[in-house]
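After this come two complexes, each holding chain A, first together with chain B and then together with chain C.
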Partner chain A sequence: MTTLQALGEALNPDLFWEYRNVLLSGFSYNLLIFALSAVGATVIGMLIGIARLSSNWAVRATATSYAEIFRNTPEYVLLVWAYYVLPIIIGRITGTNVRFDPITVAVASLAVAYSGYFSETFRAGILAVPKANIEAGMSVGMSGWMILRRLVIPQAVRRMLPESLNQYISLFKSTSIVSLIAIEDLMYRVSMITMEESRPLPLYTWAAIVFCTAIVLLTQVADRLSARWRRAGLA
Partner chain B sequence: MLDNLQRNVLSNLDLLLTGLLTTIQVCTQAFLLATVVGLAACLIRLYVPALKYAAIAYIEFCRSTPMVVQLLWVNYVWPEVFGFPGTVIGAGVIALALQSSGYLAETFRSGIEAINKGHREAAMALGLSPARTMRRIVLPQVVLEMAPSLINQLAVVLKSSTLVSVIAVPDLMFQALRLVDRSLEPIEILSSVAILYIAVITSVSLISKLISDHFRDKYGLSIKQ
Partner chain C sequence: MDRPILMVRNLTKSFSNVPVLKGISLDLQKGAVLGVIGGSGSGKSTFLRCLNYIERPTSGEVYLEGQPIGFQTGPSGLHVPDTASSINRMRAQFGMVFQQYNLWPHMTVLQNVIEAPLHVKRLPRKQAVEIARAHLAKVNMLGKENEYPARLSGGQQQRVAIARALAMTPKIMLFDEATSALDPELTGEVLTVMRSLAAEGATMIIVTHEMAFVRDVADRILFFHDGRIEDDAPAAQMFATPNSERCRQFLARALQ
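Showing the complex of A and B:
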């Protein structure tokens, strides 16, 4: 094949279009895993972020180490470890035969991997709330929990919105690694179809184009939203 | 437990070490390539109006495509279309460099744009050529300002490099997975390798933080983390 022919083959959308239903149902796994792990990462990240500001040094140290460790762990290593090692360890401790569903493993790993980043965003958001607001809350007799719930979190959440949108986009990109533990997501199906058809050029090229377009569009939406929130004085 | 560690990890230390060397080799090459290409893309975007949109498209493509997708794309499509890379290691290096060059181009751009306009105007008033202004006035400041982000990007490259094992680059992750396949005892191997990765990546991030603190103290630069 000459270079030009190869380029034509790579950009030929026919094969990709022919398998659109299979690929789309694969992509729905990416969306599902993204949605679940985004919720998980947000919740864990929020708890860790609050714990990192605790007045108890042991809580603070534990939460900070958690965030540091998982921010520096490759997602793939975490995924593989949770898939192969974690069930054995839990099985030995409880004395039962534990098996995890790959999707559960993928959601949990991505949630934990990104909760480190989210905790940092939360922490920064909380620290950005003016101290005077907290003092005002105290002086009108609000409890610590009430100050957190009514004064700090609403303001912190608004401040961290733009940053967390970017993290959600990164998380969405990372969902493509779940194919490596045999979840039948978009890339897994691309590899399967490639094996069947022996035509790797168009499939891999179009998978790259589709992912790239989707993420560029999402980034645009995120930027527009952030700009609007900033103008409205929310973020 | 120690028996298992001995049998699975310590007796295969040479294999894991070869893997670590491959990881380091791939990451170093990818990082250098990404720095050069990222700087070129950034300079083209800023100073070559005719190619501005090509550079933006390149940067956005690199930043917006997942690593696994780029890796498989470079590995299977590039040899047919562009005639290179000939080896899986080459494909791994190029894919990692692609990803990072997009991020680094944006890092360089924000660094260049952060430089006080007055510096450039002063250089112009003194009659320095644009190339010389770039080399003597702009780049030294950009490098100082960017050093922490650059090193941080090295940590990102290290993290992403675990994925090159997917296309059979014999890196640390690949050797670890092969050992697991052979012994069917994943606990010790995978845990040791995970700890090793975390230790290396944490050290690199820590160095980046120390350097940014050092520069802030020494030159009074306000470095965004």
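Showing the complex of A and C:
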């Protein structure tokens, strides 16, 4: 096979097209796992980010350890550990046979792994809100909780947006590892069909193109949706 | 004479053991306009910020209409710290205007002004908007309700900040160098608003470097030096015959 032939084979859409239903329904798992774990990562990240700024030493230390542990553990390892090792540990302790639902494990692992990043982004976003802004809230009688909810978080989120977008993109890409725990996502099905057809070049190439296109499209949508809102009053 | 609207007793404040306020006592009558002048670092801003408990005083007492701020007297006569919610409630009775305006940048002009009436006082939206419009009209900012602060000049932002404070119908207005961050051509519009508030009988404490203005508008002036009230006199008298030599020198320099 010459270089040109190899390139032609890689970009040939026929095989991918033939299996499009199987492959794209696999891709819907990637979308589903992404959507759920993105929500989870955001919510957990926000709580941990706020906890890291707590005036209580113990709360701060716990939240910081959480963020450090999960930010520094590869999601690959986390996923496999949560699916294969954790049930064994729990089983030994409780003396029962434990099995986890793979999609639940994938969503939870990715949410936890990325919540570490989000907590850092949130922390920085909150710290960037000027103290004077908070004092203005105090001066009209707002409670600490109200100041957080009405003044600090809305401003922090606007500041966080560009960086979070990158993290959502990484998270989306990370969903390509869930085939490790036998979820029949796009990559899982690509490797199944490859075994059948022995033509890995076009399948893997088009899988890459699908991921890339989906991310570009989603990024565009997110940009459009947030443009007006982001502009709103960031000095 | 009626009971003073504001009583301050021996107020002190230290920042990591550096004393900034060294015992301030004061009675202020309702409707009075009090000017506070002095060099930078004399403690005048800290004094203002201790009144509404944005800064927690190290010791001393502040009473608004006889109600203590930040503490309650326990059964044994000792002071116990007040609850956060009660401190928030007391704080809302002061309106504060800051040097840097401190409008919330993610909210429009109208949203800035209705925020506290809506969420702190829990007024119905319609009523909060009505109140906001009335105050925006007063500071001549009606018609800019849907702008974001970043699109306004400093003078306009400061006038919105005044409307925001007034919307809570505070008992006392505190002005913390409200015109210091403004270009000279913009101070006039803010001072005009402050002047009309004074004319309406609002109780005001004005920390300022605008000597001509404070001489004009204040009934009484405090001269702060090194965390203490060094001179306390009716405005005209303060400028004509200051009691303290330091105050005389300060005024001579400031009025040059």
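Keep in mind that, in the parts below, the second predicted complex is superposed on the first by the 204 of 235 C-alpha atoms of A that agree within 3 Å, B and C clash if a C-alpha of one lies under 4 Å from a C-alpha of the other, contacts with A are read in each partner's own complex, and residues count from 1 in each chain.
One rule holds for everything that comes next: a contact is a pair of C-beta atoms (placed from the backbone, for glycine too) under 8 Å apart; a residue touches a chain by one contact, two chains touch by 3 or more.
Bear in mind that the values here come from a model prediction, so they are computed numbers and not experimental data.
Following the overlay on chain A, a side-by-side fit with no clash is recorded for the pair chain B and chain C. Once the two complexes are laid over each other on the shared chain, residue contacts for A:Ala6 go to chain B alone; chain C is not touched. Touch criterion not met for A:Asn166: it reaches neither chain B nor chain C. Measured by the number of chain A residues touched, the leading partner among chain B and chain C is B.
Once the two complexes are laid over each other on the shared chain, residue contacts for A:Ser226 go to neither chain B nor chain C.
Legend: residue contacts after superposition of the two complexes on their common chain; A:Ala132 is shown touching chain C, with no touch to chain B.
Residue contacts after overlaying the shared chain place A:Leu151 against chain C, while chain B stays out of touching range. Applying the stated contact rule after C-alpha superposition, one finds that A:Met142 touches chain C and leaves chain B untouched. Here's the short version: in the overlay, chain B gets within 25 Å of chain C at its closest Cα pair. Those residues of chain A lying in contact with chain C across their complex are 130, 132-133, 135-144, 146, 150-151, 154-155, 158, 232-235. For chain A in complex with chain B, the residues that touch the partner chain are 1, 3, 6-7, 9-10, 68-69, 71-78, 80-81, 84-85, 88-89, 173-177, 179-180, 187, 190-191, 194, 200-201, 204-205, 207-208, 211-212, 215-216, 219.
Partner chain A is touched in their complex by these residues of chain B: 60-61, 64-70, 72-73, 76-77, 80-83, 155, 158-160, 162-163, 166, 173, 177, 180, 186-187, 190-191, 193-194, 197-198, 201-202, 205.
Partner chain A is touched in their complex by these residues of chain C: 52, 54, 84-85, 88-89, 91-96, 98, 100, 102-108, 115-116, 119-120, 148-150, 161, 164-165, 168.
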